[in-house]
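My questions all concern the structure below.
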Amino acid sequence: MKRTTLENLGWYVLLTLLSLVVLFPVWMILMRALSQPISYLSAGQPPRPVDPEWDVFGRAFTEGELGRKLMISAAVTFVIATAQVVTSVLAAYAFAFLRFPFRNTVFLLFMATLMLPIEVTLIANVETIRTLGWFNSIQGLSAPFLAAAFGTFLIRQGFLGIPDDLRDAAELDGYGHLGFLRNVAIPVTRPIIASFTVIAFLAAWNQYLWPRAITTREAWDTIQIALPKFASENINELNLGFAAAIIAALPILAILIFFQRHLIRGLTAGAVKG
Amino acid sequence: MAGRERRTRSRRSVREAGLAALFLLPSALVFGAFFFYPIGRIVYLGFFQQNQTRTRQRYVGIEQYADVLTGDDFVEGLTITLKYVLLTVPAGLVLGVLLAVAANRRLRGIKIFHTIFASTVATSVAVASIVWLVLINPTVGYFEVDWLRDTRMALFGVSLSSIWQNLGLTFIVVLAGLQAIPEELNEAAIVDGMGPVRKFFTVTLPMLSPTLLFLVVVLTVFAFQAFAQIDILTEGGPAGSTETLVFKIFKRQQGGALGEGSVMAVGLFAITFVAALGQFLLLERRVHYGSGRR
Amino acid sequence: MRTHPSRRPRLAVALALIGALLAAACGGDSGDDTAGGSGGDDGDTAAADICPVDALDDADGPVEVVLWHTYVGLTNRTLNKIADAYNASQDRVEIQVENQGTAYEELLRKYRQGIPSGDLPAIGIMEDTNTQFLADSGTIVPGGICDEADGGTQYDEFAEGVVDFYSVDGVLQPVSFNVSTVLLYYNRDHFEQAGIDPDAPPQTLEQVADYARKIKAAGIVDKPVVLNMQPWFTEFWLTGAGEGLVDNDNGRGDGDTTAGAFDNPAALRLFETFETMEAEGLLNPVPGTEGQFDHYFAIGLQQSSMTIETSTAVTTINAVLEGNLDPSELGLDTELPPIDVNVDAGPFPGLDGPNRGQLGGGVWYLTNTGPPEVIAGAWDFVKYVNQAGNQALWHLEGSYLPVREDTATSQEVQDFWANTRPGRWLKVAYGGLQAVDPDWPGPLIGPYTETREAVRTALDQLLFSGATPAEVVRKADATITEALQEYNDENF
């Protein structure tokens, strides 16, 4: 009994130490956001703010016009995540429940896109967006990401897991494919769909290369693009840049806290689920 | 009788195929326009050279492929990319396992530690890069090191940002893997009189191997795609020592040498294709094994 | 097992599908010329056809004129102030000021992105080094042509050296000029402590090294010189020493520019001086990347005694220094006394003497891709900017050097020079503008980005990788030759 208490205490100490290591960079940024740079450096970079300016977040928000950048990011993320869920559910349904010629081949072709990161196709895709006149627009920022092989795969797995008797029952109830999709398939796989939504959201929010390549006007910068720019624009007020970085991380932090279960299921889907 | 049944079945199957086509159309359009067409397009562009303003192009032929793919730039970019894989993947894996093993136990308040360890998934590459830009800056940084100013150390400096940022993901995935290990196996190990270290190597690690394999694949893909951290931390410097293949492609996309960039992209595609094929075969085996077990 | 007996035909279908898409991919050349007319080499065309200065009269409603720039801080505020005042002063043109990042290089990348589709601003304030490329690109309206179409008096008051510097084949290319030179910023206290007269800053780079030795020997700081290793400083040093980067008289001769000329005695001398300073521990080199801030902080934190930066940095340096002095920033219970860093500015320490450099900065280019009324609107704004009063504002608040002689001699500017710290510094910088040799004003290069990249790599290899001066200079020279050949080859 005593031994386990002592052992637990040991684990707590270790876990706390590890937490400090993981959180250390974040803490340092927070301190630097709150302190005027030269004062902070002259004070020897203590683990607390020096002459803290609590309004720095508000100031970064207005001076960096972060409201607009966050809106652009949010709009693009919303479009991408919604579209990916819809297109993936539809495609997954076709692969799971519908019989059609060359089903496996088409499935293989879909899955092949997993091997094609946007980095490979960048040059041609930028050209396509230019031809379409979609530089500096929501459609340009989101178009290549409106479908997702990963989502199709994940949701198809979920659909395949639906027991046959549920399908039979649905057929007896007179459901056609659309009814079955709406009333049975989607509700039953809701956890998987939710997990995929969170993952899609995360990936879309954090995009960097693509928006960097197809925005040429500041007004269309996403928060990720605006962030390093803003930091280097304010050399004599580095604290503003750090405050902006913290603001940019908040939406995802909120997701981590409120949708942790879905996020974890989504991230681990490929690893522990079959 | 039998004929009519066959006819209805065939009519139904036509309807089903039509519905399938309808359902697949949105995804197929996106994949066609932004995945398959561009592959063809870059292969094609690889045969051409653009003028200064990219308003005209002319055919230069297969020679461009030969020149670029055997040229110093491509080989250098590939080497740096592979180095980046070696710098980020093993370190990320080891640290993730360390955190997950430490946090995989029944303790009051363990959820708080889980959230903390997972927290770096909340940072984007851009945020993580800014964090590390400051941490390892010799003038204003916490660690007063010259890593980003040394051609031999710069890639390592950049990799710190990636390793830290990936920590959350590796932790979450490994922890889930650990929790999926059946309790009986752990108990059996204890009954057999195994110490914690031996148990880790004889029971935990083998059971974890599919998870770790998955992570190796994911982290390798991340490393191959690394761009933002390089763009923000070093811009490829000093003296090109952090110019990965993707960075080089981006530079050409921006600078106008589309033909040359396209050839590099085709090269990158060939490499990822082979890697992905290997990964697919490995995963296929694992999935099969997994479904058999359940 | 998931093997299919009929895998082969399916594979064939897949291949056919990919083949079809491939075929689609190979069609649709972007081969046609979408870049608009050629800018100015068409001798027969009347100037007003190229630069339709009167087109504003036919426009209905206000014309939107987009301006791209990379300014931040005070310069950004000044630009917006001038644009706002202009917008308020009339209702025919609406100037829309858009920041495109912090670096000229970034702006050029975006400009190049926009050329094929004509997605360009009406005005771009870009680095002056882009002049040759932009002239070659056929996307700009040369300032000289607009001037000709508009009475030919626009640039009468402008310093002749400036107009000459920005002319290609005798035609002025940009339309307005935000010119700067380079200054040596130094810590007076450190000089005094080392027994150096703080009123006599070093005159040459060799002297900078000498002073650094004294400061280091006196134990005042460890690395007395902090340098942002921007390649364009190297260009300044070479131009001031009568050398260049490329052949054909540094790109300004009558022939074709086809090879590098970087492997020259001045470049070797410069790089050897860097090497010596680094070896003796006098130099803290900072990689010359975009948005670099280390050298400002090294000066602000008094870790170093000297740095070299553009004259427009007077505002940034002032702000970094004054960050501590602003009482509103200080809490009541502040634990630190305000640090007054006693910084002053001296002339650019050339290889052979003070102010032996060249001009640099951003210049305004008008694009020809918009409709006539947009070009006319842009030109109208440029004329407003070029007025003596606004040029004075550029100098007083935006810290660019006066390019009009009547601006430099105005009472306002003279008072500014006499009475303020930034003014004192900018007066020194103006000395640099006056000292420019009109017969050797600096390079004119088409592939400037690539050339600069070669110089940057040379500096990186010298200071961050330990290569020798001779080796890196030779390599850079070869790279420049390659870039020029490729550029000329891509001129179709």
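Read from first to last, the chains carry the letters A, B and C; within each, the first residue is number 1.
Everything below uses one rule, namely that a residue touches a chain if its C-beta (ideal position, glycine included) is under 8 Å from a C-beta of that chain, and two chains touch if they have at least 3 such contacts.
Note that the structure is a prediction, hence the values are computed from the model and not measured.
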Chain contact graph, described as a line, ring, star, complete graph or other shape: complete
Pair sharing more residue contacts (C-beta pairs) when A-C is set against A-B: A-B
Distance from subunit C to subunit A - Cα centre to Cα centre, in angstrom: 37
Geometric centre distance via CA averages, subunit B-subunit A, whole Å: 15
Multi-chain contact residues (two or more partners), subunit A: 37, 41, 109, 124, 127, 228, 231, 238
Residue numbers of subunit B (touch at least two other chains): 36-39, 41, 140, 254
Contacts with two or more other chains, residues of subunit C listed in rising order: 17, 25, 30, 113, 116, 290, 293, 297, 301
Subunit C contact footprint on subunit A (complex, rising order): 36-39, 41-43, 50-53, 102, 104-105, 108-109, 124, 127, 130-131, 133, 135, 216-219, 228-229, 231-238
List of subunit A residues in touch with subunit B within their complex: 8, 11-12, 14-15, 18-19, 22-23, 25-26, 28-29, 32, 37, 41, 45, 83, 86-88, 90-91, 93-94, 98-101, 103, 106, 109-110, 113-117, 119-128, 143-144, 146-147, 149, 152, 177, 202, 205-206, 208-209, 212-213, 224-225, 227-228, 231, 238, 241-242, 245, 248-249, 252-253, 255-257, 260, 263-264, 267-268, 270-272, 274
Complex contacts: residues of subunit C adjacent to subunit A: 4, 10-11, 13-14, 17, 25, 30, 72-73, 98-102, 110, 113-114, 116-117, 119, 290-291, 293, 296-297, 300-301, 316, 319-320, 323-324, 329-331, 334-336, 339
Parts of subunit B lying in touch with subunit C, wherever the complex brings them together: 32, 36-41, 43-44, 49-58, 137-140, 148-152, 234-235, 237-241, 254-256, 284, 288
Interfacial residue positions of subunit B with respect to subunit A in the complex: 13, 16-17, 19-21, 23-24, 26-31, 33-39, 41-42, 45, 98-99, 102-103, 105, 107, 110, 113, 115-127, 129-132, 134-135, 140, 142, 164, 167, 169, 172-173, 176-177, 180, 210-211, 214-215, 218, 221, 224-225, 227-228, 231-232, 246, 249-250, 252-254, 258, 261-262, 265, 268-269, 272-273, 276-277, 287, 290-291, 294
